[in-house]
Every structure is written in structure tokens, then in C-alpha cells.
Amino acid sequence: MKHHAYFKTAAETPPPLTLSITRAVRFDELDPLSIVWHGRYASWFEEARMALGDHYGFGYLDFFNHGVTIPLKKFHADFNRPLTLGLPYRVTARLCWNEAARLDYEFAIHNADGELMSTGYSVHLMIDRAQGVLVAKPPFFEDFCRRWRRGEVG
Amino acid sequence: MKHHAYFKTAAETPPPLTLSITRAVRFDELDPLSIVWHGRYASWFEEARMALGDHYGFGYLDFFNHGVTIPLKKFHADFNRPLTLGLPYRVTARLCWNEAARLDYEFAIHNADGELMSTGYSVHLMIDRAQGVLVAKPPFFEDFCRRWRRGEVG
Amino acid sequence: MKHHAYFKTAAETPPPLTLSITRAVRFDELDPLSIVWHGRYASWFEEARMALGDHYGFGYLDFFNHGVTIPLKKFHADFNRPLTLGLPYRVTARLCWNEAARLDYEFAIHNADGELMSTGYSVHLMIDRAQGVLVAKPPFFEDFCRRWRRGEVG
Amino acid sequence: MKHHAYFKTAAETPPPLTLSITRAVRFDELDPLSIVWHGRYASWFEEARMALGDHYGFGYLDFFNHGVTIPLKKFHADFNRPLTLGLPYRVTARLCWNEAARLDYEFAIHNADGELMSTGYSVHLMIDRAQGVLVAKPPFFEDFCRRWRRGEVG
């Protein structure tokens, strides 16, 4: 299925980690044109991103329990086709490898026919409650990345 | 202007405290019928309620700084006429006297012609982070209520 | 499981129609106290209500396709226990019988242990795009109610 | 004041059209970290964008009344500093000249001290209800652009 690669990664880097969820448009997400209002895509992307983090053990609460928050530095969305009421969509989050203390996520939304509706990305910093912006990954996530590099996760 | 009195108060109680704000409908508050989606009235009522609390010194942060949160126990809205894009509305919050450790707010929304669009109410408990639900008002708010009863605020 | 009966119905009326969905708290529904902000319950109740209407053939789009919209006249919520991140909740909508051209819904949210978190209700009018507020049910819904009364739905 | 120029425009093009509004953070916009949740910036940018359009006579309703809708093709936000409760922020929208039937907006949010909090951009297509995506600007907006180019608006 078609994706858009927002982040360029060197050939030898570990492949991205991917997870998809299914979500249906709710009435309160629609705008006067009966399509999902553009600002609500942040919630769609975030739900897939958090499911991916929870699945691999580096979710919002995993970071939080290690004293680290992961606020967004960048958010981007490209809208191809509108989302309409009642149909289920597949939302895919993809974490791209990064050496730095930073999370690079790519997103794609497909309908049931596999058509690409929207894509996007978000970039997250890691902030330690005591030290501020981290330049190195926190140990628990560094451990995870070591296993990711060795192909031991998934 | 017409209000609806949701809370019955005895004749000798201090008159309610009132504050109005003006707010215009934003595009992202509209539903497919181009009227404000009913769930967003909670934001309209809350904005007036918080402005009232801040004005008198018992706002969200005033309670918070005394270790007390004021979660909702009840929320109610009656919808008379729909709110539409672009026009400004007046949102009025009214705090009704209550002997207990509880906040009883009434709300009304009027258009520029003074027509009543919606009314509602909310009931808030007071929760101390250490002790749980309070049965007596926290001292700073008890002080305020004493002055309210003596007609010294407003 | 404990419910709250907001609408009093005579003994001989048809039993309510009921449907439950499961929904998990999303990060963007949380407030600074890490609990679901009270205004978002409208979305929770609505999702269960729309699933019930879709299941029985009198959903938002069924009414819409017959030229009828069903705006809220009243909304009410009672909050017992806060909803927190990550856990799934069961949201139950219950349509109570009404002779008039009006929809009376009751709602309840339970956690996985069956504890009652919140209840509420909403009342909806029926508005015909040509004639305004309806005093009689539109024919397709009157047909449904006839079958409901005879115990032929469910 | 510092802005970020997302769109490169040739030297001879008309200068951008700019409008600022003031907006304060509401409680329901906060996340568990007591900062504005990233997805709500779409509403902040949109409010300034719509005020700019309304000011110059090519707002949402102006396009709509000419049978044209202006859905987003792209949305982007860069977050520098978090927005917190109670303080007013200035939100600036800037429409950059484009020969095509497309609207290119840049956004900036500053605090009361003039510090840059966030920037972003959105790109909008023009869709005619009859013909689909427009390749030429609709006549009323072409007229406006002619006056914009001659320096007759502002």
C-alpha cells in the first residue's frame, strides 16, 4: 500500500516499526461540509502512534514513568481525500529510526478499499522533568533501540 | 433578560454572583447542520464560569493553589435556539449560594437581540488532594462566602 | 448492572431498546487532572446513541434521508467516577418509549469491573426541513414504533 | 517580530496580507501536562485565517456564497514554546501571493512579550460544487487579487 516517506533514512538503518488501528468517523468530528474537520487528524494520528508505543513498551506512560515527556516539535498532515461518516478507516503509524533523542513518526490513513486518504508526520522531543531537553535517549529507550537494531523486536 | 432558575434558594440567602462574557462561534464548533454541536456548550458555559471565579478570586487556579480541585458532579443544558457561525453571543454564569462545600452554577446564552438561546447548570464538588471530598468549604472560600453574605463582594 | 431511570414510563409501555459499545479514553480527551474533561461525555453518549439508531434503522442518516433532523432539546450528565487513560469502558444507550415525536435516551458508562462511572440522558426533537418541529412521528419511524410495541424488534 | 517564511515568493509579487487576533487558552484546550494539546493549534490558526478572510471579503462564507469551498490540502505546525492557561496570545495569519487557484497561509503565535511560541502554514484548494477542483481563481477572488496586486487593499 502506498505510503509517503517523509523521513530519509540511510540504507543500513533498522526498518521502521509499524502498527495499524481501525477507527470510524464520529458525528462530532464532522464539519459543516460533512467531512472530518482537518484539526481532528491530530487525534487520529495520535491514537495510532500511542498504540504503537504501548505495543512496544515505549508509550506515553512508559516515558512518563521514567520522568520523561515527549512533546511535539513538528506536526504535518497532507489531505488527499476527505473522511466521511460511518466508514471505518485504517490508521497506520510508523516509527523511523533516529540516532538522536527524538521520535520521528509517519502516518497514513487508508479506506477499506486500500485507497490512501491522508498522510502526515510528527516529530517529538524528549524532555526530562529535571534536566530539560534530552540530548541522549533515556536508558530504557536506549535499551529498546539496541534490540530494535538487532532485529529483536516486532 | 429571561433566565431559568434551576436552583431553588431560600429568600434570605445572598443574591447570586453573576458575570457575562462575549464569545463568537468558531468554524470548528459547527456540526454538519452548520450549528454548534451540542457537546461544545460545556466549553461555552465553562469559559463564563471560570471568568466569574477568576474575577472574584475563587477560580480554578485559586482552588488548585489551596490543594483543592472542583470536578463536576452534574452538567445540564437546555437548547432553545441553535448557535450559528459568526455572530457574537453573551454567556452568563451565575453562582448560587449554597451552605455546603459545593458550587452551583447556572448559565444562560443570549444573542445580540437579547433572545435566550440556551440555559444550563453545573454542580461541582470540592476535592482535597489529601482528604478526598470536602464536607466543609476550604478556609479561603469560607472567608469569601462570609463577605458575600455581608454584601461586601461584587 | 445499576442504571439510573431518568424517564418514568407507564407499566404497559414497551421496554426500552438498548445497545452497548466499548470505547477507550484517548489522550486528547484528558484534562490537566488526567481525567476525561466533562464536556467530552457528549461524544461518548452520542456514539452509543448513534450505534443504537443505526442498529435498528432509525439512525442519524435514516432520519436525514427522510428529511428529518433530530437536534437535542436537553442534555444531562451525572458524574460518579472519573474516566482515566487506557482502560476500555462500556457505554450503554437506552431509548425509552415515548408517544410523542421525540427521542428520550438514557446513558450509562461502566468500567470493566461493572462499576457505574457516569449516567446521563438526552432529549431530541424531530425537525422536518419543510415544516419545522414535528408533532407526529415521521411515517418510517411510526412504522418502527408499531413493531417495537408488538415486540417484533430487537 | 520574528516570523518564519514557509512560502518562497518572487521579489516582484505583492506583499502578504496580514491580520492578528488575540486569543486566550481555555481549560478545555489543555492536556494532562497543563499545556495546549498540539491538535488544537488548528483551531488557533483557523480563527486568525478566517478573520483575515472576513476582513478582506474572501472568507469562508464569501467563497461558499460563490459555490466554492476551500478545503485544506496541507497543514503544518512547528512548536517552539508551550501555550499555558490564562494568558492572552496574539495569532497572526498571513496570506502569501499565489498565481494559482490556491490559498497559502502562514501563521505565527506570540506571547505578550513578543516571544515566538509557534508557527505553521496551511494550503487550501478551491473546489467548485459543480466542476470540482478549480484551476483558475473564481471571478470574485480574481477581482480581489487584481486590486491586491495594484496595492489597493489593506
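Some points to look at:
Should a chain be cited, it is by its letter among A, B, C and D, assigned in written order, with residues numbered from 1 in that chain.
Following the convention adopted for this analysis, contacts are C-beta pairs under 8 Å (C-beta built on N, C-alpha and C of every residue); 3 or more make two chains touch, one makes a residue touch a chain.
On a predicted model such as this, the values are computed, not experimentally measured, just so you know.
Ranked by separation of Cα centres from chain C, the top chain is D.
Summary of the copy comparison: rotating chain B onto chain D for the best CA superposition needs 180 degrees, to the nearest 5.
Rounded to a whole number, the gap between the C-alpha centres of chain B and chain D is 33 angstrom. In this assembly, the C-alpha centroid of chain A lies 38 Å from the C-alpha centroid of chain B. Chain B and chain C have Cα centroids separated by 26 Å.
In chain C, the residues that touch at least two other chains are 27-28, 33, 37, 39, 42-43, 46, 85. Put simply, chain A touches chain C in their complex at residues 26-28, 42-43, 46-47, 50, 54, 60-61, 85-86. Considering their complex, residues 33, 35, 37-43, 46, 69, 71-79, 82, 122 of chain D touch chain A. Listing the residues of chain A that touch chain B in their complex gives 27-28, 30-34, 37, 39, 85.
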